[in-house]
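Down below are the structures I want you to see.
One chain, chain A, appears in both complexes that follow, with chain B as partner in the first and chain C in the second.
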Partner chain A sequence: MAGLVPPGPTTVPAGESKKAEEKTDFMNLPCPIPFEELHREALMSLKPEAFEGLRFDFTKGLNQKFSLSHSVYMGPTEIPSQSAETIKIPTAHYEFGANFIDPNLMLIGRVLTDGRLNARVKWDLTDNLTVKANAQLSNEPHMSHGIVNFDYKGKDYRSQFQMGNAALFGASYIQSVTRHLSLGGEVFWAGQHRKSGIGYAARYETDKMVATGQVASTGVVALSYVQKVSEKVSLASDFMYNYITRDVTSSVGYDYILRQCRLRGKIDSNGCAAAYLEERLNMGLNFILSAEIDHRKKDYKFGFGLTVG
Partner chain B sequence: MASRVSLKSRGKEGKGSKGSDEKSTAQCLKEWSTWTMKKAKVITHYGFIPLVIIIGMNSDPKPQLYQFLSPV
Partner chain C sequence: MADNLISLDRLKAFWHSQVHHEQTRAHNMKLLRAAGLFAGSILLMRNYGDLMAI
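Up next, the complex of A and B:
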C-alpha cells in the first residue's frame, strides 16, 4: 500500500496524526510537492531573478511543442573577489535556445556566445517515474556540471535519487502525513569534496498559508512563512540561520499579482532592498524592471528588459 | 654479469607486471569510464541543441524551414 512509511528519520510519532478535527482519510492523502520545491512559494515571492543591465528575450513558437528563443543581455557582471568590494566587469552576450515541450518529454537547451551550454531534460517514463537531467557544460576544463535525477511518485509520497558528476549522490523522500502536513528527509554524499549530509524538512500548507522548515547537517536551518492575504496579494517572510558559521539572514516581502502586472518587493536583514516588476504591455509583450539596493555593500543594481512571446 | 643483472631485472619486471595486472581491471574500468564521460560531454556539448532542433522540426504539425530561419 502506498501509505507505508519506512522506518528512519522521516517517521512521525503516532499520536500526532490522530488529532485532526475533520475526518481525514489517511488512506487518501494528497501527493506532496517535490522535496526540492518545498520552499517554492517563499522563493517565488522573495527571490525573483534580479538582474542588472539590459535584457531582451524573444521566444518564437514554431508549433505547439517546439520553440526557439533568442536572448540578448548587456550589463555588468559581478565576479567573485577576495576583498569586500564588489568587482563588476561589463559583459554582453547572446543566447540561443531551443525548447521542445511535450506532455512526456521536455528538452530545453540554451547556448551562449562563449560556448557554454545549459541543457535540461525531463522525461516521464511512466505515470509515476520521471527522469530529469540538468547539465551546464563549458569549454573550460573542470567547469562542467551535470546531475541526473530519478523521481518516483507514489500515492502520497515522493522519492528521488540523484547522481551528479564529482561523485555526488543524493536521495530524498517526502510523505504526506495529514492533509496539510508533509514531512521529508534527504541525504547526500559528495565524493570528491568528501562531504556528506542529512537533512529533514516539514511543510504545513492550508488554503491561506504555507509554512515550511528545513534543518540540515551542513548547518542550515531555514524557515519560511507565506500568507495569502487575498487572491492578489501574498506576504512572505523567511529566516535562514547557519549554526556552524553563525550567519543569520531574515527577509520580508510581498507579492502583488494584478491583472496587468506582477510586483514583488523584499527587504533583508543584510540591508538589501529589492523590487521586481513585470508589466504586461500587450499580448505577449512584457516589460521588466528590476532593482536591488544593497546598503551594506554599497552595491546598486538596476535592470530593465523586454520579453516578447 | 650484465646478462645476469638483466635477467634479474626482467624477472622483477615480470612479477611487477603480474601484480599490476590484478590492479589494472579496476584501473581499466576507471579509465574507460573517464574516457566515456569525456566523449559524452563533448557529444552533449555539440549535439544537444541540434538534437532538440531535429526532434522539434519532425514533430507535428511539421514546421517549415523558412519558419525556422526567419526572425518574425
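Up next, the complex of A and C:
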C-alpha cells in the first residue's frame, strides 16, 4: 500500500500551463522587421555573394570610427548576349573605399578604377527616424542613380518613404498583427517609365522557423521558408515565380555557422548547384571559396579570395 | 444540361491546351518541378531537419 499514490487533481506539465496562460497582448506586439528585409534569413542562407576569379579585400582601421579599404578583383565578367551561350570577358579592377561608422551615422564611399562611385549614408536622426541615401555615379550618360529613404519605426509597425531620380517614388508599411505574424504592403511609381506597382507581404516567425510570402503587381510571387535547426544550422527553401515573364525558380540550401568557418550550399530547380565557404584562418584573416555549377547552361564558376581586416 | 456540357467542353479544351500543347506543357512541367521541390523540401525540413544538426 505504501507504493500506491492516490490520484491527485489533474496535473498539467509546467510548460503547457504557461503556454495556455500566455494570451496575446495586442497592445504590446513586437516591432516587425523592415519591409525590405522580409526575406533576409532566406537571402542570407541561399544567396551569398558568389563570384568568379580572384578577390582580395584589405581593410585598415585608422581609428575607432574611420577605416579605409582596398579591394582587387580579377576575373571574367558575364555580358548579356542574344544567344543561349554565355559570353564572358576578362576584367580587373581596383576599388578604394572609405568608411565612417558612428552609432548614429554611417558613411561609406567606394570609387573604382573605371570611374564609378558608390556612396551610402545612414543617419539616425532620432530613435525612431532614420534617413538612408544611396548613390551610384558613373561617367556614362544616364547611368547614374540616387535614392533617399525615410524610415519611421513605430511601436508595432514600420513605415518607409523613398524618392529616387527618374521620378521614382515608393512607400511601404508593415504591421505586427500577432506576436508571430506581420503583414505589410508597398506601392511605387516610376515617373520616367510611367509605371506603378503595388505589393503585399506576410511574415510568420517563431523560434524554430520563418515563413514569408510576397505578391506584387509586377508579376512576382516569392515564398520562402527557413528552418532554424539549431544555433549553428539553418535549412532554407525559396520559390520565385513571375507570372508575366513566366519564369520560375525554386532553391533549397543549408547554412552552417561554425566556430572557424561558415559554409553555405544550395541547389535549384534550374539545375544549378552552388557553395560558398568563408574560413577564418587567423584573427582578421579570412579565406573565401566560391563555386557555382550550372549543369543546364554548362557554365562553371570558381572563385577564391582573401579578406584581411 | 446544355450549360454543363459547355463547361465540360471548356474544361477539356483547357486540359488539352495545358497538357498536350508543347509550350505550355514545358512551362507547366517547370512550374511543377519548382513547386514540388519547394513543398517537398519544406516537408523534409520540418520532419527530418533535426538529423542535420551538429
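Please note the rule applied: the second predicted complex is superposed on the first by the 288 of 309 C-alpha atoms of A that agree within 3 Å, B and C clash if a C-alpha of one lies under 4 Å from a C-alpha of the other, contacts with A are read in each partner's own complex, and residues count from 1 in each chain.
The rule we apply is simple: contacts are C-beta pairs under 8 Å (C-beta built on N, C-alpha and C of every residue); 3 or more make two chains touch, one makes a residue touch a chain.
Nothing here was measured: the structure is a model prediction, and the numbers come from that model.
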Message = With both complexes superposed on chain A, which partner does A:T178 reach: first (chain B), second (chain C), both or neither?
response = neither
Inquiry  = After the superposition on A, what does A:A98 contact: first (chain B), second (chain C), both or neither?
reply    = first
Request  = Check whether A:F66 is in contact with chain B, with chain C, with both or with neither, and answer first, second, both or neither.
outcome  = first
Query = Should A:Q227 be classified as contacting the first partner (chain B), the second (chain C), both, or neither?
reply = second
Request  = In the overlay, answer first, second, both or neither for which of chain B and chain C A:Q136 touches.
outcome  = neither
Task = Go through the superposed model and pick first if A:L107 touches only chain B, second if only chain C, both, or neither.
result = first
Ask   = What is the contact status of A:S237 with respect to chain B (first) and chain C (second): first, second, both, or neither?
value = second
Request  = Would you pull the chain C residues touching chain A in the complex into a rising list?
outcome  = 27, 30-31, 33-35, 37-38, 41-42, 45-46, 49-50, 52-54
Request  = Please name which positions on chain B make contact with chain A in the complex.
outcome  = 37, 41, 44-45, 48-49, 51-53, 55-57, 59-63, 67-68, 71-72
Remark   = Per the touch rule, the chain A residues reaching chain B in their complex are 60, 62-68, 96, 98-100, 102, 107-109, 111, 117, 119, 135, 137, 139, 144, 146, 165
Remark   = Note: in the complex, chain A contacts chain C through residues 209, 223, 225, 227, 229-230, 232-233, 235, 237-239, 241, 246, 248-252, 254, 256, 258, 268-269
